[in-house]
Amino acid sequence: MKVDVNCDYGESYGIYRISDNEKILDYATSLNVACGFHGGDPVVMDMTVKKALEKGVAVGAHPGYPDLMGFGRRHIKLSHYEAKAYMKYQIGALKGFVESYGGKLQHVKPHGALYNDAAKDYELAYAIAEAVYEIDKDLIFFGISNQKTIEAAKKIGLKTANEVFADREYNDDGTLVSRSIKNSVITNKDRCVDRVIKMIKYNYVETINSKKIDIIPDTICVHGDNEKSLELIKSIRENLEKTGIEIISFNKRLD
Amino acid sequence: MKVDVNCDYGESYGIYRISDNEKILDYATSLNVACGFHGGDPVVMDMTVKKALEKGVAVGAHPGYPDLMGFGRRHIKLSHYEAKAYMKYQIGALKGFVESYGGKLQHVKPHGALYNDAAKDYELAYAIAEAVYEIDKDLIFFGISNQKTIEAAKKIGLKTANEVFADREYNDDGTLVSRSIKNSVITNKDRCVDRVIKMIKYNYVETINSKKIDIIPDTICVHGDNEKSLELIKSIRENLEKTGIEIISFNKRLD
Amino acid sequence: MKVDVNCDYGESYGIYRISDNEKILDYATSLNVACGFHGGDPVVMDMTVKKALEKGVAVGAHPGYPDLMGFGRRHIKLSHYEAKAYMKYQIGALKGFVESYGGKLQHVKPHGALYNDAAKDYELAYAIAEAVYEIDKDLIFFGISNQKTIEAAKKIGLKTANEVFADREYNDDGTLVSRSIKNSVITNKDRCVDRVIKMIKYNYVETINSKKIDIIPDTICVHGDNEKSLELIKSIRENLEKTGIEIISFNKRLD
Amino acid sequence: MKVDVNCDYGESYGIYRISDNEKILDYATSLNVACGFHGGDPVVMDMTVKKALEKGVAVGAHPGYPDLMGFGRRHIKLSHYEAKAYMKYQIGALKGFVESYGGKLQHVKPHGALYNDAAKDYELAYAIAEAVYEIDKDLIFFGISNQKTIEAAKKIGLKTANEVFADREYNDDGTLVSRSIKNSVITNKDRCVDRVIKMIKYNYVETINSKKIDIIPDTICVHGDNEKSLELIKSIRENLEKTGIEIISFNKRLD
C-alpha cells in the first residue's frame, strides 16, 4: 500500500510572505506550486522550485483563477476557452522553471475556487483537463476523489490522483463540508490519523451523517502553514509507516 | 545570402485589440509573441500561436517588463535576479502554448524598455540571456546588432540573431536614434529598401551623421500595424528576392 | 418632458484605445467614466474628465468588477463587503479627478457584469448603493428601470435614474433579452426612435413577446463607438426635440 | 515645542498580511495609509481608515508606484503627467474612504521609490505636489526634511511637513545613508531618542561623518511592524514628553 502526501506551496507574492514552512518539505512528497495568478510571483516560483528539487520533493503546478486580491478563492465565470488558456499559461510558466533546474513537472492541481468549481462542473473540468493534456500528456491530474475533475481527466486520457482530506468532514455525495459550517474541520489529531488509515486500508470514509462512502486515497492533502498542521502531517506519516503504508510521490512510484 | 524578417505580434489584451494584421503572416518569417506582462493574455497567446503555426511562421517569445499600463515601454529598476525570473516565467508560458500545438519555440526577443536597457547594460543582458539558456539552450536570442545583448548571449553560449531596422536612423555607436528626435524614422520606402540591401550585401549602415558603421543583418525588424508598414515589408521582400537574397526563418535555415 | 442621454466613456487603458469618439460629447448629457478596474487608467481618467467638463457634459463614475482581462463582463462572486469597498475605491478615485478640475461628480452607474448582477440581486444592489451613499449622498444612482438596483438605492435614500435602452429588446419581466439571442439588438433606427418616444410619452415598452410593460425613462443608454451608433443618437435627439422632449443632464435639471 | 509622529499602515493586500500592529495607533499621531498601487486593497483601506478614525489618529494617503510585485520600492521611469495622474487617482480613492466615515484627509506622503525619487528630482516632486494641490489645496505634503519634495510643494503653495528619521544615519547633504551600507540603521534606542530630542530642540542632526547639518523635525517617521520598533516609539514618546515636547498631529495643531 502506497500513498502520496501533497501540500500547497510557494504562495507568497513580492514582499508578502505566506505559509512557506521549509519543514513541510521533509514530510510532503508532492508540492503544488502557485503559478502567479492567485499567488506566487516569478521570483517566488524560481526559489520554490529550486528548493523543492534540491529536497527531492516532486513538483506540480497549482494554477488558479486570475484574482490575486481574492487569492483565487472567488468564483469567476470564465468561458471554457478562457479557463483552458489560463491553465495552459500557468502550467507552461511553472514547467519552464522546473525544467530550467533539470527537473520534470509531475502533476497539476487546480487551486481554490477553480478546484471546487471543476469538481462539480464536468464541462469546466474537461476544459482544464484538456489544457493539462495538451501541455504534457504525462502530467498527473489531482482532483477531489470521485468527482467530475477526475471523471473528465480520465475521459481525456490523463493519469489521475484522487485526493483525500485528513482533517475535513465529507458530505454524503463525497464533497467536503463547507468551512463555514461548524465542526467541518476536524481538530482531533488521532481522529484524523485514524480516518486516513481507514481510507487507505478499506477505501471508505465516514461522512458527517455517519454514512460510509467509497473514497480513493491516491494522495492526501496537508497544510504546512502552522505548527499544528505540521504536527498533524508528522503524526500521519509516522502512523502510516507503522501500519506498513509507504509514502511516496507518483514520479517515484512510476520509476 | 539569407535573412529573417521578424515582427511583434499578439499584443492585444482582453477586448483591447492592437496591431494584429493577419496579412503580416504572409511576409514575416519570425513572430515575437507577447507573453502577458506588457501585452498579450492567455487567450490572445493561444490564438496567436495556433494561427502562426498554421501559417508556418516561426514563433518566438517577446517578454517585457511587468507593466501593462505602460505597455512595457517604461524602465523599471529590477534586480538582475528579478529580471531573470520574469524572463523565465514569460518564456515558459509561451513555450507551453507552442508545444501544446506540436510546435517548437524558436527564439526570444525582449520587448520595449527591456530590449533597450539590455542593449546598453551588460549585466542585465547577461541575466536575461541566462534565463533563455536555462529554459532551453537551443533558443535563439534576438538583440540589436553589435550591442551588449548579443555580447552577453554569446558569452553564455546561446545562438544569437543580430537585429537591424529598416526604417530607423542609427547613431554612430550603433544604437537607434530616439523616436523623439526629428527624422529618426525614415518614411521614404525606397531609401528603406536600399538601406536593407546594403546592410545584407555589404554589412554596413550609414548613420545619421553619414558615417558608415558595421552592422550584422541576421533579422530585419518590421511592423504590421498599418497599411503603410505592410507596404514597406512587401517592398523589402520583393526587392530582396530580386537581388537574390533568400528570406527564411532560423529554424528553417537550420534544417 | 425631459430625459437624460448617457454614454460609457474613458474605457481605454494605456496604449490600448477603445470607443472614445469625441463627437458623442455633442449628443450625450451624462458620461459614465471607467474607474480603472475593468478599463480606464489614471491618465485616461484625467484626460476624459477634463474633456467632459470642458464640453459641459455631466460626469459619473462607472465602476466595475476588478477584471481588466475580462473587461468587467464576467461575474465574480464577491462578498457584499468586498463589492461595497471596491465601489467606494473607484468612485472616490474618479471623484478626485472631477473635483481637481473644479467639477462635481453627478452620478454612479455600475458597469458590465456588476450592473447585471445588481439588477437581479437585492443584497448586492444594497451593498453597492450604500457605497454610493457613503461617498456622497447627493450622487444619483443609475440602474436598469424597475429592477433591484433602483429598489435598493431608493431604500437607502439615494436619488435614482431609471435607465432604458433604445436598441435592445426587453423580456416580460423588464430585463434585457440577452445579446446571445437572435434579434435581441434592434437595428432599425426608426423603430428605436419610435420606442424611445413611446417610453417617454406613455411610460411603456413593448416586450419581445409583444406585451406592454411599465418603464420609467429617466435616462437613455447610448453607445458612441461606431458611426452607426452615433447616427442613432443623433436621430434620437432630433426626433425627441421635434416632439418637444428636452434632453438634459440631471445636474442641470436640478439647478 | 510640538512634533508629529507618523507611521506607514494598511499595506496588507487580500489575504496577505503585513505590519498592522494595532498598538501603533496608541503612539502615532498620523498614519500613512497605502492606496492600492504598492500595497493596500479597497477592503484593507476601508478597515484601516475606519479603525484610525475611531482611534482619533489623523489619516494621510501613502501613494506609490504601480508595482505591487515590487511593493513600490523599484524606480519606474514615469512621465511627469503619468506620475501626477497616478497620485490623483490614489489620493482620491483614499479621500473617498476617509470622507465616507465622516473624516477629513490630513496629508499625503509618497511611498518607497517614489518618495526617494521625488526627494532628488524637483520636476517629479513638482508634478506630484501639483496632484496633491489639485485634489485638495489644504492637504499637508510630507517629504524628507530640506529636500526637493518640500521645495516643490512650497512653491505650489502647499503646507509641508519636514520628515525626520530617528533610527537612520544621514549623509552630509541631508539624504539618508542607504540601508545597504553598514550601520546605516541605528539600533541603540537611547541614541535614537537623544538624536530626536536634539533635532527638535536645536534643529540639527549629526551626519555619519560627524558633521552637524540643519534639519526641520515637523514629523518623525516610525515603524510598527515589530516589537522592537514599538519599544522605540514608546521610548521616544515618553522622553519627548518628559522634555516638554508635545506630540500632536497637524490637524489638531491647526484647530
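Residue numbering begins at 1 within each chain, and the chains themselves are lettered A, B, C and D in the order written.
Throughout what follows, a contact is a pair of C-beta atoms (placed from the backbone, for glycine too) under 8 Å apart; a residue touches a chain by one contact, two chains touch by 3 or more.
Everything numeric here is computed off the predicted structure, so don't read it as measured data.
Q: So which of A-D, A-B or B-D matches C-D, with over half of the contact pairs the same residue numbers?
A: Answer for the repeat of C-D: A-B.
Q: More contacting C-beta pairs: A-B or A-C?
A: A-B
Q: How many Å are there between the centre of chain A and the centre of chain C, using C-alpha atoms for each centre?
A: 43
Q: Could you please state the distance in Å, as a whole number, between where the Cα atoms of chain A are centred and where those of chain B are centred?
A: Distance between chain centres: 39 Å.
Q: Identify all positions of chain C at which a residue touches two or more other chains, and write them in rising order.
A: Answer for chain C, listing residues that touch two or more other chains: 41, 69-70, 82.
Q: So that we know how the chains sit together, what is the shape of their touch graph: line, ring, star, complete or other?
A: Looks like everything touches everything, fully connected.
Q: Using the touch rule from the top, collect the residues of chain B that touch chain C in their complex.
A: 13-18, 41, 68-71
Q: Considering the complex alone, what residue numbers of chain D touch chain B?
A: That would be residues 66-67, 69-70, 74-78, 82, 113 of chain D.
Q: Note which residues of chain A are touching chain B in the complex, please.
A: 36, 41-43, 45-46, 81-82, 84-86, 88-97, 99-101, 131, 134-136
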